[in-house]
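Both complexes below contain chain A, partnered by chain B and then by chain C.
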Partner chain A sequence: MTSVSETVTTFEFPEIHNFPPFFTRQPNEDTWKVQRQLWCDLILAFYKHNRLSLMPLAEAATESPFSNRQIHRSLQVDTLREIIEELVRQGHAVWTGPKNAKDTCMVYWRKPEVWANIIHMWACEHSLCNTVLTLYELANGDDTVKQEFHGLDLSTLRRSLEILQSQGKAQMFAGTSDDDMGIKFFS
Partner chain B sequence: MRKAVGIGGLRRKEAERQALSKKGTELAKREIDKLQEQIGLMKTNLEEFVREHQRDIRNNPVFRVQVQRMCQLIGVDPLASRKGYMAELLGVGDFYCELGIQIIDICVATRFMNGGLIDLEELRQRLIRRRLKGSEPVVEDDIKRAISQLAPLKGGYRIVDFGGRKIVQSVAREMNADTSMVLGLAQQTCKFTIEDVRIGLGWDEHRIRACVDDMLRSGIIWVDHQGAVMSEYWVPAFFSQISGASLSNKIIF
Partner chain C sequence: MEPVELAPTLRPLLESGEKIICIQNKVGLYRDSVRDEEHDNGTVYLTSSRIVYVDQQLPRERSVALHLSRVERWSLHSGFLYTSAKICLHIRAASSSNRIQASLSVAASPTSANWKCVICDYVNRGGGLGKCVLCGVRRQDDSPDLGIDKCRELNVLNDAEQQISCPTCTFDNHTSMERCEMCDGELRHLPPKQTDDVGGIVQHEQRMAVKLSFRAGGSSLFYAALKGALSSLLQDSGSLATVGDTQSAPVVEVWPHRERQTTAGGISTIVSAAHETGRARDVRLKSAFLDLDALTTMANEIVGMAEHIATQLNSPAASKLHKTGGGESDEDSAARVDAFRQYVLDLGIESPVTKDTAGAVFHEELARELCDYLENYVSQSGGTVALVDAYCLYNRAREFTLVYPSDFVQACGMFEKLGLGLRLREYPSGLLAIEDPGSASDALIASRIDSYVQSFGPLTANGLAAMDDCPLTLAEERLWLCERNGQLCRDESIEGVRFYSNIFVQANNNK
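Moving on, here comes the complex of A and B:
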C-alpha cells in the first residue's frame, strides 16, 4: 500500500496506478487520450483528497501520485505538462507564474464557479448579506470551520469571489494585503 | 398356400393389408401415447423438482450447473425460448439476461484501456463486485452461457483461449494469428519485449514490429519505456488479474 502519511485516510489509488505503462506516454493517440483522462481524474481525486491546489510541475513529477516508488515508475515532466494542458482546457486548472512558462499550475478539483455558488449560498443562509467580511474570515474564520471552503487557498477563493462579483452577487474591497481584502455579499 | 387369383383374391389381399396397416398404426399410436405419457410425466417431475429446488438453483451455482446439464441431457433447453416454461420456472432466463447485460457493461467500460480483451476470471471478479450483495454467485459456466446468449447481438463477444488463459473478447475484430501467438507468449508474464518475441517465436524484426504496431493501434498492449532494458509491451488484459489478487480492495476505473 502506498502511504500518504500527511492525510488521515489513505488515498485509494486506482488499479491502473500500478500498471507500469501508465507512466509512459502512449504513442497511440486513442490510448493516449484515455490515459490522459485517467490521469486527469486521478489528479482531481488526489488533490481533492489531500486538499491541494498548487502544483510546481518539476517537483510534483517526483512525488506521489506522479511517481510510484513501488513499481519504480515516474511520469516525465513533459507528459505531465500535456496532462495539465487538458485539465486547463476542461477548466479544472490554470497556469500560474510567468506567462508561457507552464511550469506551475493551480488545480481546481472543484471549479471556482461551483465554489462561488457554495459560498454565496452559505452567506445567504447565515444572513451575512450586506455585511463586510474579510477574505481571511471566510477561509480561516471560526464561523466557516464546518464549511467545505474552509482552508481554501486564497487564489482559488479570490477567483470564486470575482465570479460572484461579475454576477453582481458580491462586491470586493481592497485592503492593505490579500488577507485584508473585504467582501460584501448581496442576496 | 394357394395362390389367390381373380377379384376375390385381390379383395382378400387388400383386406389383409388394411388389417395389418391398422394394427401397425394402432401399435405405433400406443407407442407414441406411451412415450408422450412418459415425457409428460418427466416434464411434470422436472417441473416439480425445479419448483421444489428453485431457491437452490438460484443460489447454488454448482447445483445450477448440474440442473442445466441434466436438462441438456434429456433435450430440454431452459434457455431455448424466452417463454419456455423451464426458463420461467428456473428464473434462469432472467438470470442470464441480466448477467449478459452486466458483462456488456463491464466490457464496454474497460474496453478503452484493454482494447476489448479481458481475462475471464477478472471479468467474474468484477461481476461479483458489481452485483448486489446477496445475489446469486456467478461461476465461469454462467459467464460462458451468458456470452453464448449474446451471439445474436453480433457484438463479437466470445471466449478465446491463450495457452490456458481464458480471455473474453468483446470487439468484433478478427484477431490475426501473429497477435494470438504473441499474446500466447506473454500470457504468463503479461509483458514482452521485441527480443522475447524474436527468441520465443523466431520471427524477424520486420514481422515483430508490424505485429507490435498493430497491437498498439488496437489498444491491446501499452508500452513502457522505464523498464529494465528496452521497451516493454504490457497486455492490460493479463495484467489486471495479477494485480487483482493483491489489490482486490482497490478502486478501479
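Moving on, here comes the complex of A and C:
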C-alpha cells in the first residue's frame, strides 16, 4: 500500500491519507483492523523516510502525518496510542519514559535485530573485529557516514548492540557516561 | 349460528357502525346443553349487534356468529367446583334468512305491532282493527308500539291462553301464580305456550339454546355487557324498554317523592334533605356528562362524514375531476388529494379495543387491531415505522380511549407470536421500530444505501432521512447497520458524522 519515494526531500503520502474516515477511529472491528495496519505501515514509512525515531504522542498528533491540513482532519491522541500499541505488539516500537504513561515511544522503523546484523556485518567487512569502538564513533564517526546506521539515535543503537552482546558477537564496556560506552566486536 | 368473515388478523370483520363491546377468550359452546366439540375453545367477541365466536384452532373454518336480535332470553349460571360459569342464550331460530330483520322492522311499523291505547291503556294485540278493542277509540299514530315481550312483562296479555285455569275451581289465574287465588289449590304449570306473533312472521319458530361456557372466567363482565348490548339494541329497534331478562327486576324509584316532605322536622326530614342534595348532585353530574356524550356523538358523526369524503375521493370520478381541474399541474393536485386522503384515513378506528372490553386477551387483541391499522401505514413509509410515531398515530386514531405506552409496547411484542404481518425490532441503540419483514429487510436497506453513496457521495444521517423520508433516528440506525456490516465507514469531524463507502475493507479484499 505505502509507496515511499526514495528521492530525498518530500514524503509521498499514500492515497488513503486524503480519505477523511482515515482519521476517525472506526467502530467496526474489522474495518478498524485494516485501518490500524494502514496507519502502522504509514508511520514506519514516514519515520524511515525522515529517519526519525522518538515520538511524543501529544505533539505528534498535531503534525504530519497524523494531521492533514488539506482536508482538515487529524488523529485523536487516544487513537494514535492504540495504533502505537499495535506497533509495540509487532515489535516495531517501544514505550519510553514512565512505565504506565504511554506518552512517548520509540519507533523502530527497522527492528534492532536487523540493525544488529547490519552493524556486525559492517564491522566484519571493515576488519574492526576485536577493536574497541565508542558508540559515538559508531553513530557519528567519519567512518560510518555512508552507512545506514549513521546518525542512529543512541538508545536504538544500544538496544541493537545489547542484542549482539547477547548473541556473543560483541562486548560492551561501560565508560563514565553514556557517550563513553565502548564496544568490541567478535567475528 | 352463521359463518363469519374474519380479517387477516383473525378478528371478525365489523359492519359499519358495529362496535366491539367485550372480548373473552377460552370460551366453549354448548348446543342445547350438549357440549359442542367443534367449538370448544375460542375467543368470543360481543359487538353491538352480534356475538362472534372465533375458534382457537381453525378460526377460518369454525368461527360462527349469532345476531343479537335472535336472542330471546338469556341467563347467567355461575360456576361451581368443576363447572365453569355459563351464559345461556335462548335463540329464535330463523327458518328463512331474513326473518328476524323482518320481524323487527314489522314490529317497528305502526300498523301491525301491539299497541297501547292512549285512552284506556289497554294493550291491543296487532294493528288489524285500527281501534281499541276495549273502548273503541281509534288508534292514534303516536300510540306507543310494544314488543311482544314487553306485553308479557307488563302482564297484559289477557288472552285466555295466557292464563292458567285452576284444575279445582276453574278460576283463570295469572300465569305467575303458584296457587289458585280463589281456592288456594295447586296450579299445574304447563310449559309456556308459544304466543302467536300477530304479523304471522315468526309463527312456528323453533327454539334452541346456546350456552357459552367461560373456562377462564370473565362471565359476569360479559353478561353485564351482553345485557347492555341487548337492551340498547331493542331500544334502537323501536321498543320502549328492556325485554325478557329473566333476572332483571323492575327499577323502583324509592326516594325523590316530594309528597313525603309534608311532615316538618324529625329524622325523616333530615334524611330526605340529604337525599335531596344527593339527587341535585346527580342531576348536575348527569347534565355535565350529557355534554360529553354529545361530544362523542358529534365525533362519531364527523368520523362518518370523513369516511364519506374518503370514499368519494377514492372513486375514479373524483380523481378524473382532479386531473382535469385547470390552473395547477396534475401532479400537484394529485399529491394534495393523496395527502388529504391520508388525513382522512388516519381519522378513526371505529371500535377500539380497550382493557374493559378485552380483559385477559387485551394485549393480543390490541396487537391484532394495531396490525390491522398499521399495515397500510408501514408499507407506505418504506416498511419501517419508529415505535413512537406509530404510538402517536394509533392514539390519534383511537380518539378518546387512549392506550398506555407500556400496553402498546407489550402488544407490539406479540406480533410475531401471533403470526401477524409485522414485527417489533429493537436496534442495538435501544430504538424500537415496527417493521414489515418483507419490505424492510436489512439486505434491501443496505443495497439502497449503497446506491445512494455511490451516486451522491458521503452520506449524513440527515441526508438519508430526507432521501428515505424517515425519522432521523431511524436513518441513523440504518447507517450504523451498514457500518456494522462493513459497508460504510465513518468520518467524525466538527461538521458531524459522515459515512463514506468503506474503502479500507474494499482495498483489503482486493489485495
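Note that the second predicted complex is superposed on the first by the 179 of 187 C-alpha atoms of A that agree within 3 Å, B and C clash if a C-alpha of one lies under 4 Å from a C-alpha of the other, contacts with A are read in each partner's own complex, and residues count from 1 in each chain.
The working rule: contacts are C-beta pairs under 8 Å (C-beta built on N, C-alpha and C of every residue); 3 or more make two chains touch, one makes a residue touch a chain.
All of these numbers come straight from a predicted model, not from anything done at the bench.
**Q** Tell me which touches more residues of chain A here: chain C or chain B.
**A** On the superposition, B touches more of the residues of chain A.
**Q** Going by the contact rule set out at the top, does A:D41 touch chain B (first), chain C (second), both, or neither?
**A** first
**Q** Report for A:T31: first if it touches chain B alone, second if chain C alone, otherwise both or neither.
**A** Both chain B and chain C are touched by A:T31.
**Q** After lining up the shared chain so the two structures overlap, which partner does A:F13 touch, if you call chain B first and chain C second: first, second, both or neither?
**A** Only chain B is touched by A:F13; chain C is not.
**Q** Residues of chain A that sit at the chain B interface in one complex and at the chain C interface in the other, please.
**A** Residues common to the chain A contacts of chain C and of chain B are 16, 19-21, 23-24, 26-28, 30-31, 34-35, 38, 72-73, listed in rising order.
**Q** What residues of chain B sit close enough to touch chain A in their complex?
**A** Within the complex, chain B touches chain A at residues 112-113, 191, 216-217, 219, 222-227, 232, 234, 236, 239-240, 243-244, 247, 250-253.
**Q** Give the list of chain A residues in touch with chain C in this complex.
**A** 1, 16, 19-21, 23-24, 26-28, 30-31, 34-35, 38, 72-73
**Q** Which residues, counting only chain A, touch chain B once they are in their complex?
**A** 12-16, 18-24, 26-28, 30-31, 34-35, 38, 41, 72-74
**Q** Which positions of chain C touch chain A when the two form their complex?
**A** Interface residues on chain C, with respect to chain A: 458, 483-484, 486, 489-493, 498, 500, 502-505, 507-508.
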